[in-house]
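Presented below are the structures under discussion, each in the form of structure tokens.
Look for subunit A in each of the two complexes below; its partner is subunit B in the first and subunit C in the second.
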Partner chain A sequence: MNFPAFPAQAWDGRLRNRAQRIQRAAPLASGRQVAPERIVALLEAVLEPGDRLCIEGNNQKQADFLARALVQTDPARVRDLHLVQSVLALPEHVDVIERGQVSRIDFSFSGPQAGRLARLVENGKITIGAIHTYLELFARYFVDLTPQVALVAAQAADREGNLYTGANTEDTPAIVEATAFKGGIVIAQVNEIVDRLPRVDIPADWVDFTVAAPTPHYIEPLFTRDPALISETQVLTAMIAIKGLYAEYGIRRLNHGIGFDTAAIELLLPTYAADLGLKGKICTHWALNPHPTLIPAIEAGFVQSVHSFGSEVGMERYVSARPDVFFIGADGNMRSNRAFCQAAGHYACDLFIGSTLQIDLDGNSSTATRGRIAGFGGAPNMGADARGRRHASPAWLRAGREARAGKAMPRGQKLVAQIVETFREHMEPAFVERLDAWDLAESAGMDLPPVMIYGDDLTHIITEEGIAHLLLCRTADEREQAIRGVAGYTPVGMGRDRRAVENLRDRGIIRRPEDLGIDPRLATRDLLAARNIKELVHCSGGLYDPPKKFRNW
Partner chain B sequence: MSTRRMSYFEAAARARAAGLVDAGSLVEFCPPERRRTSPHLARLDAPVAFDDGLLAARATLGGHPVLLAAQEGKFNGGAVGEVHGAKICGLLRRAWAERPAAVLLLVDSGGVRLHEANAGLIAISEIMRGVLAVQAAGVPVLALVGGSCGAFGGMGIVTRLCDAVIMSEEGRLGLSGPEVIETVKGVGEFDARDRSLVWRVTGGKLRRALGEATALVEDDVAAFRAAALDCLQQARRASADLAALQAAQAALEARHANYPAARDGLEIWRAMGLADAERLPMLDAQEFNRRLAALDTERVQ
Partner chain C sequence: MERFEVKFPASAAGAAQHPVLAGVVSSGNLEVLVETGADPAACSIEVNTSAHGFRDIWEAVLGDFAARHAVGGLRISINDAGATPAVVSLRLAQAFEHSRTEAP
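This part shows the complex of A and B:
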């Protein structure tokens, strides 16, 4: 074969650049170990203007020591950074933008810093590349957003630089793999340096530097819901979900959101669902963090398997003591993995159910509100039909049959449900004609309104008024009336066509509690398998060790 | 429902009262439809309740006639205002006249209602006098403490006048509430946001260990009923003669001498010789009572 003659070129630019960085940093380290007081200088030596930088952090663990160090670097040397990371959760993540060291960000979620971020965007201080889902951002790490430098967090390192990330492994493997194999630099903060790790989660030759942080990395107990705060309306919607959706479709593989609505479902499994004879028939396999509110269902034998995105503070001992259920290493501790669990939630679950702030007449839902740029983390991947899925299950097949009646090619569909009270906090209606997301898109100059779950992926809405089977609707108008029909006394609900809604009810598209044989008067908190955190501890046989802020003993 | 049980802590006053007494026996005095609301709250444009946060009723308990008052903690923290207090006083007068088997006070109150402080304070003193009069007439008065507001301020004093005090761990008993102590003496004296500390100091387990509560039960309406029935059958009346008062005084002095610097329930439990003090809050009422009883037995020997 005759190739055209290409000009000779070097193919190892990245590797040579990497070697230069390591060379600059070497005098500041002792082998792979860096003393905490030299970390600012090390970051200044390693980082170059224009670098894509990932500061590890999710809504759970945070490389907080390294984030604080970054804010102390010289803005004349460390500048023009492009942050590519899951969350902007810590004040330091936004401080470094305010200090003018960052020119662009690509991220997934910014919960606590959403207001500050929106102001920075409005003032032109920062350009947002895009707001991704977690899985989407990880995917771009391996295509066009590969970090030059990654600052990660681990539980412990050994003298050679192997990392133990333990139960809170979370995003670390995805970040480190993308960075280390494309000529990047990986710097890990660890809570301690030990002689022997319980196990190796990240091998030493993927890690360039380790630093023992003066304080352990922060972990937010984000998935702990105190059962004492579950309302009786939420008990009712949980009963509707169990009888009208889980039992109806025989849903065994699922993912739950993190709200009180779904915590109520978890706590009703050993009581209400067990009384309905559903043990072993629903909720056996989960993609879910170790929610404390799942303990009673696990103890009752409902749950066969749980794979987790991350861990949960206080659940470590309990999880380790239930190796048949959770994913446990040979060392006896859980390993989480956000990327794999997101994939599991997307492809291997038949149902996602979660909550939102607003739903419009097409069934689009969003938690975006004006003046806050927050993103949705993993929810859009959980709450979307997996178009690439090819394996069948009874629930998936039935949903596909219902949604595609009359079409020639049979296909399955994922069940995606939103569970909301018709009025949320401060009497704000959950149902609206127009999502606030439109205003936010306009004010922040976004390409698209930030929608968490698109209406065409949404199959069910559950409120205290009943359940709407949107996938049974045949026209846009029917769908709108089905949504209005469960919107109660909100303006959207009051605007319903009564005859159309009664017709939908006759056809079983809307089912009221009484249609399902549920007496709302029996929806009391006494149905919850645990009514407070202490009962969860009892239920766990004393293995669950809740954080102090959840204790009253 | 096999697993259903009614939390006393979470139940509203009417649900507690109805679950406590014999089914269907409850007859309310001045029920909500009479709309005896607080004139003071109305003047301040504050929300009122048709029963002013108090249920007063007659009922039977194990077939015995009883009179009962139940405070609604969800209305103004169960605080005692003029109408609220008058309903309790009226009930006590009726008890003095009718001599039922017992009077049950389902206390759930932070004390006097600040919006009507003078009327509330007078009401508290009248309730105290009423309790003493009823007791002098030979009718036992039982306090039940297991609601979210506990028994504080004037209602804390009233509770301690009673012949028996039935508590759950969740119930709290004290004079000044945690927030009041913190406000007056500073967070260094008492951190009201340290929920764990608050319950270790004011909660039912320490109160039982110190003898201020006569029974510790689970947070369960049925358990409160069983304990109240038990009190009724034993018909134990705290004597108010000189010897009894002197004994009470001596006990208080001994307690002060035994735990002079204790700042936490944990220290008292340790000083009492209860093993594994840190684990005591996790024990259920039955196991806690068993360990406490074992301790008393040791002491007697």
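This part shows the complex of A and C:
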């Protein structure tokens, strides 16, 4: 046997370390339950310097009580942490860095704290490993970023420690699975401890401690767009998207971004799209949170299936009442799952469409701006061609034919569209020669400029000026003119070669609203299936219960 | 406020049937009035805007509008409260179409 002899070694270091942590924590708990006033001491007992720590939170639910407890721990004991988590969204996530307890972070999104984070990086207070997409970060939980300790949030626990995460299950299964099966410690804050859960989302033997938080965990109603704020320009771009893209390619499976542009598309399905005879032909299957603006399309019978990353505040009763459409447990409540929905958006959808702040001449787009390190969350997973995809659909095959004309091996391609008004507020152009992402990368010492959607994944741009079919362009020059051709009166748009753009229009690479037979007189808010939140509530038969800040009647 | 007038030579549109008002002034919005003008071979557009320093963009937007539509013989007045070019183009197109087809 050609196998060298190795000295005997222990193989259970992680398990023994885990046992030590549990032993230190045990006196502070009563079985698996921890009283809220002892949680700070418990964190100090469990955490060790150098730990990878995940504080659960996304752009939706937050383990906010545990985050507040963490910033009360003794910095002399709880230090040198490596945060590995989806978002830095709460002030406490950044407070703990400012307190000097964190040496490194790997994350996906930091929207609300983007400015503070950028200052900490510039002052050398923190090192960013990388800004991931969600799937990428979850993947690393199972490779080289496995948490030693995870602080998660659930709706309820029972006496044994089983968790009910319900409609807002979100990231919890991915975090807990990685942590619990690699010798880590899972601590869950719950809104209530009950005798009997509606169902078990996370089994008790994957959870070490539960604590009943004094206040329910925070959930941001991030996916609620008030139709009252949708502009006529957005109605026009939505008409262009429906007629020039959805109908053209027969797109049935898709994901939408969270902006008003795509909310307008959702609200035109029962009106404009139905008038075009598109019901049953487009937008039947979705990877999407329960957007309130999707209610009219669901009620009109457009939508056959929706799987969700998370839930949306106020949509719970409506969603439960539509089990044919949403993913509902035997208990009657939805279960979301961010990891699976991201995978669904990446592999099983033919179209991603969303908005951005800046698009450059290669079609690269980014929401990064100078002085803000924000990340992108899930958009890059959805807004990228799935190179591993092998199943066909008419839309995917057609996009592939168009993009790969002249190549021997047939292959499909994902449709990836950006929908923007050429100028944002304050006359900020959406089209630029150079993305601010370059400056940000330089000032923050990043390996790469933070790009949300890469130009070579982008197949279409839609503005009020029309639609550019970038996948039909054959040269870099054509592509640049196609982008300039829908960039309107921005400096990028004004810099177009008028003859080249007219040529692209003749070839159908650029299509103006008039080329698509769109009557501008229809582009009014009257075309929206619901014009305000109250009409959405009405449309839901009173099942949608919007958060207070959206109730103005 | 900034006020200016631009004039484009244009083929006759068969003059506007009736004056049309499209759009309302509010934040980020504007008002467009289309009427029959004096010269059937030209289109004159008067702009009153609350935003300064965008005259070159205005002229580009209005020039494209005049080139894309048969606007000869029309007199158009615009009251702008800081609308984006997208809104200006859309309102102009809406007002133009209404001026040709609908009774007041």
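One rule holds in what follows: the second predicted complex is superposed on the first by the 551 of 553 C-alpha atoms of A that agree within 3 Å, B and C clash if a C-alpha of one lies under 4 Å from a C-alpha of the other, contacts with A are read in each partner's own complex, and residues count from 1 in each chain.
Here is the rule we use: a residue touches a chain if its C-beta (ideal position, glycine included) is under 8 Å from a C-beta of that chain, and two chains touch if they have at least 3 such contacts.
Only a predicted model underlies this, so the values are computations on that prediction, with no experimental measurement involved.
In the superposed model, A:S231 makes contact with subunit C only, not with subunit B. In the superposition on chain A, A:R24 contacts neither subunit B nor subunit C. Look at A:R551: by the touch rule set out above, it reaches subunit B but stays clear of subunit C. When both complexes are overlaid on chain A, the residue A:A529 reaches subunit B alone and has no touch with subunit C.
In the overlay built on the shared chain, the residue A:E514 is in contact with subunit C alone; subunit B does not reach it.
Of the two partner chains placed by superposition, only subunit B is touched by A:V537; subunit C is not.
Residues 28, 51, 54, 57, 60-61, 68, 84-87, 89-90, 93-94, 97-98 of subunit C are the ones that touch subunit A when the two sit in their complex.
Of all residues in subunit A, only 231-233, 236, 421-423, 425, 427, 463-465, 488-489, 494, 514, 519-521, 523-524 touch subunit C in the complex they form.
Chain contact summary for the complex, subunit B toward subunit A: residues 1-7, 10, 169, 195-196, 198-200, 203, 281-282, 284. Put simply, subunit A touches subunit B in their complex at residues 270-272, 274-275, 522, 525-527, 529, 531, 534, 537-538, 542, 548, 551-553.
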